[in-house]
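First chain written, first letter: the chains are A, B, C, D, E and F, and each begins at residue 1.
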Amino acid sequence: MSRSSMWGAIGGIVRRDLLLAMRRRSDAAMSVFFLVIVVSLFPLGVGPEPAVLRTIGPGVLWVAALLACLLSLARVFTADYVDGTLEQMVLVPQPLAVLVVGKVFAHWVISGLPIVLLSPLLSLQFGLSGESLGVLVMSLLLGTPTLSMIGAIGAALVLGVRGSGLLVALLVLPLYVPVLIFGAGAVTSSMAGIGGEANLSLLGACLVLSLFLAPWATAVALRIALE
Amino acid sequence: MSTGINWAKYSSPQALYPLAGRLIPWFSVVAVALMGVGLYMGFFVAPTDFQQGESYRIIFVHVPAAWMSMFLYVVMAIWAGIGLGLNARPSFMMAQAIAPTGAMFTFLALLTGAMWGKPTWGAWWVWDARLTSELILLFQYAGVMLLRTSIDDVRRADRSSAVFALVGVVNVPIIYFSVQWWNTLHQGASVSMSTGSKMAATMLIAMLLMTLAFWMYSIAIILSRVRCIMAERESLPAWEEKPVTIQKIAEAR
Amino acid sequence: MLQAVRLSCRRGERRLFSDLTVKVEPGTLLAIVGENGSGKTSLLRIFSSLLPPEDGAVLWEGEDIQQLKELYSGQLTYIGHLNGIKDDLTPLENLMSAMALAGEVCSQTEAQAALEAIGLKRPIHRLPSKVLSQGQKRRVALARLWLSTRPLWLLDEPFTSLDVASTGIVTERLHAHLQRGGLGVLVTHQEVDLPTDRLQRLRLTG
Amino acid sequence: MQWGSASEFFAMGGYGIYVWTSYVVTALCLVWEVLALWRRRVAARAEHRAMLLGGTNETAT
Amino acid sequence: MSRSSMWGAIGGIVRRDLLLAMRRRSDAAMSVFFLVIVVSLFPLGVGPEPAVLRTIGPGVLWVAALLACLLSLARVFTADYVDGTLEQMVLVPQPLAVLVVGKVFAHWVISGLPIVLLSPLLSLQFGLSGESLGVLVMSLLLGTPTLSMIGAIGAALVLGVRGSGLLVALLVLPLYVPVLIFGAGAVTSSMAGIGGEANLSLLGACLVLSLFLAPWATAVALRIALE
Amino acid sequence: MLQAVRLSCRRGERRLFSDLTVKVEPGTLLAIVGENGSGKTSLLRIFSSLLPPEDGAVLWEGEDIQQLKELYSGQLTYIGHLNGIKDDLTPLENLMSAMALAGEVCSQTEAQAALEAIGLKRPIHRLPSKVLSQGQKRRVALARLWLSTRPLWLLDEPFTSLDVASTGIVTERLHAHLQRGGLGVLVTHQEVDLPTDRLQRLRLTG
């Protein structure tokens, strides 16, 4: 098939998903909101000690971002599966992996990007500053698409399986661990004055790896789910 | 042995089933023997560690269990991959059979590690790199098994959990190396065998013997589990029961 | 031409059919009938390549569809039990995005014409689909048939929840498709009102 | 041989509780796994015999 | 209607939901696993410092329990709604609120109780000990049913009102805050040697309050969803 | 006796019907027919008390159902477009828990008999419902009619996806219910094969 029709299919699916998100604008706000809440719950649960908060700040932010990503992703294919759109997607004359990329991208725009954009504001709560703030944004910018890609595999695997909400968490969270370590590590080391470049480039490597492997695995999982 | 095997022949359950049945006793015997020798060496030949005292003797289960836990995951992923690639049911069954044993060794590594940690570090658990990665490994095993039990359709269960096992194996080295950035408490190779002293050598030998024993045990147990799985999934009259028994059953009714 | 060669299908422990061989020529319709649970939907899904058969093969123009993959997908329009429409999008948006996804981009006017052809009037085009009645939702899914240029149509009980008038409209559309040399495979419990030389029946006995 | 007596052996230089818990739990796990498999096998065989009986039944009717 | 038939209806729904859960025995394991994983993510993000971990331990545990509860509950009515069971529930000759109690109770048994039972083990990882461990279990035992009750309102609202995602979060999470504060507070104060009784009795009050109000609110929301 | 008094119903901006008055006597069936989207389902949901009417009232034995609340729910069996069965439970479990929920506890043997009455054979009783075919799922939902002791049956397109044989079986069951003095309201696009003195038709013109 021609290159252009491939982009057409991606474009089509991105457009539709964004349209749907617009129709349900508040759902899109959900992941940001979730992030804000989790991050704000922490000082409530942990106590207001500034020194402690500064230490745990990057970690908490990253864990919260990771959970927000996971939650919004867990259902990324469910609606399509239930209402039959997924069947139609599989029967599209394009490689399924390509459509998966489109779908994940749309999803990231809706729920990952807002997190990235909001993070500087939240990190103020924890007393992050200057350079490490930049590193935080950068790490999220590299990390959240990876999270989306990996999450898509889990979401596809649990389609139509009962109790899938938590199962997907169980499947995906262990795979998120490296991203979390590098992401939070980048911020912590920049706070310690070591600079976060090493961690950031590892995050980049993770992104590239997941871009190559995840759509393929997701496509396989989706086909299996539909049999 | 290495060249003469006709793989196509053994890729069917009908062939694997009796083959496994013949191999199990051998591996069991070897496992028990190695375990006996290993334990003897570990408790009666290997001397006391001058730093840790007798508590170090946990090493003879801890390290073999930890090694097996990682090794089995990789083997499981390989079978899963073969299954997906060739669409071969026996490979999926092998992957399914490996998971519980792997998870058990992971659990044992964690437990014996905790038992070791309390006297050595004064805490059952620390958030150390190697410990955490072992915990993550346990989750991955749990994921593979739970995903399987959550899916009723056997074909889908096979293939879905195979995909997950394969994806997860990418994670194993990543975790392993990513934790290098962490300052680690875990002993690493601290039971210094580097000096090559006689003491260390007996320890090393005992540890290796136990590892080998666990390995043989795993093979035996996995083969017999795969036989169970086959018996549950397919109807195997001809391979399971001797004709005489079938005759008896027929008469019984 | 669509051919099934010695197909067999097993779901769970049940063998639904085996050694099934059938041929659909251009310009004709294969109507699959049979009791509930006899395997009609399963057969249709095998034809669509969603479900791999246990044994045997489906050939399109002589080539195995398992090999053709996306090339084959580009030849067919499949409408299953499920409508594949989004509750939050309007019928118009649903239709247009379904077509775009299938790689048969259509303009808004065309889509509107299609919806009207199947009897959905203007004001309904702009409601969110979730407020539509059962039959109206089914019609939104079926409107794709007015825009499809694909030779092969696979329809699973398209007449479910449709009123009598719409059933007629869809049948007519199907007839026109066959006259233009298209092929169709249809699962239904109802009589299909088509000329007998265009119609071939396959009864599954499950 | 470094153990003067059996009690010394079991005390493990004061670390007995840790060492022996490790070994006992490990042994229990291995034994449990073997037993569980054995039970599973018996069940599978019983099931299978029942099926054989059922099978002959079916052909008879 | 007679008292006994009321218990019959509750019993019926509890039995069905437990049966559904048994069908997926792994479901019960799932919320536990989720808890364990989330709790383990924090040290990965925050770093392995034992002193810091001990300080944030109760907070982390409580936030994780809260999330596990929220997630597993968020969709508690969705399946019933989609497959039409909810219509049948509303048409049962019993007050709907009663059925809601049954459903939430079944849900708590499946996903809340395991969390309570597992928490001592997890708190060992954070170096909690002795008495505060007991207080933690107690606080979770009182707190998680409250979370379930409150969460049910949100879950019911998700079904009906358009774009309700945000609304639910807005409604439910603020209601969760007191539970979190009292819950984590009980543990922290018992760690500080003050004893957690005051907080625990507040938690009890929350539970009673939610038992009275939440089923009623949930029933109203469910009816609206079905209109 | 079920009465609708000057009912009117509005969905969104559309008025579906107004001033609708109709009476269903014991032993008779009201068949609601009409085009897609004419408001049949909406009317049935008003009858079931799921949807409050915009205006007018529904009376059961002369009393407003809005007042009767649970007492009225205890009089009816409603089977809608959706089957209300759980994918993970077996047909048997689904049927039994649906009955238990409705307060009409039944034994396993009774439930099995009901499933067999509607043509679901033994092995199917123990499969998870998600593997059933469309028609089989519908039958699981309809099996409740064999166990229901309620006087009023409200059925929304019960024959959807059923094969011809099962349609006959359900119609017969309906007939038996009417003969025992039961009442029924039925939405359908098909002809109903019942004696004319038992049948009353209401055509909605949307």
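Simple rule for what comes next: a contact is a pair of C-beta atoms (placed from the backbone, for glycine too) under 8 Å apart; a residue touches a chain by one contact, two chains touch by 3 or more.
Everything quoted here is computed from the prediction, not taken from an experiment.
> Could you run down the chains that neighbour chain A and chain D together?
Where chain A and chain D share a partner, that partner set is B.
> Which chain's C-alpha centroid is most distant from that of chain C?
Farthest from chain C by mean C-alpha position: D.
> If you count the C-beta pairs in contact for each pair of chains, which pair comes out on top?
A-E
> Quick one: chain C and chain E, Cα centre-to-centre, how many Å?
45
> Just how far, in Å, is the C-alpha centre of chain E from the one of chain A?
The mean C-alpha positions of chain A and chain E differ by 25 Å.
> Once you find the CA centre of chain B and the CA centre of chain E, what distance in Å lies between them?
37
> For chain B and chain F, let me know how many angstrom lie between their CA-based centres, rounded off.
Centre separation, chain B to chain F: 56 Å.
> Where does chain C touch two or more other chains at once, residue-wise?
12, 81 - these are the residues of chain C that touch more than one other chain.
> Specify, in ascending order, the residues of chain A that touch 2 or more different other chains.
24, 82, 162-163, 167, 170, 173-174, 177, 181, 227
> Which chain D residues touch at least two other chains?
none
> What residues on chain F touch chain E, complex-wise?
Contact set of chain F toward chain E: 48-52, 70-71, 73-74, 76, 78, 80-89, 93, 97-98, 100-103, 105, 128.
> Touching chain A in the complex: which residues of chain B?
Within the complex, chain B contacts chain A at residues 84, 136, 139-140, 142-143, 146-147, 150-151, 155-156, 159-160, 163-164, 166-168, 170-171, 174-175, 178-179, 181-182.
> Spell out the residues on chain B that touch chain D in their complex, using ranges where they run on.
43-44, 47-48, 53-55, 57-58, 61-62, 65, 100-101, 104, 107-108, 111-112, 115-116, 118-119, 217, 221, 224-225, 227-228, 231-232, 235-237, 240-241, 246, 249-250, 252-253
> Can you list the residues on chain E that touch chain B in the complex?
Those residues of chain E that touch chain B are 24-26, 29-30, 33, 36-37, 40, 43-44, 47-48, 50, 53, 124-125, 127.
> Enumerate the contact residues on chain D facing chain B in the complex.
For this pair, the touching residues of chain D are 1-3, 9, 12-15, 18-19, 21-23, 25-26, 29-30, 33-34, 37, 40-41, 44-45, 47-49, 51-53, 56-57.
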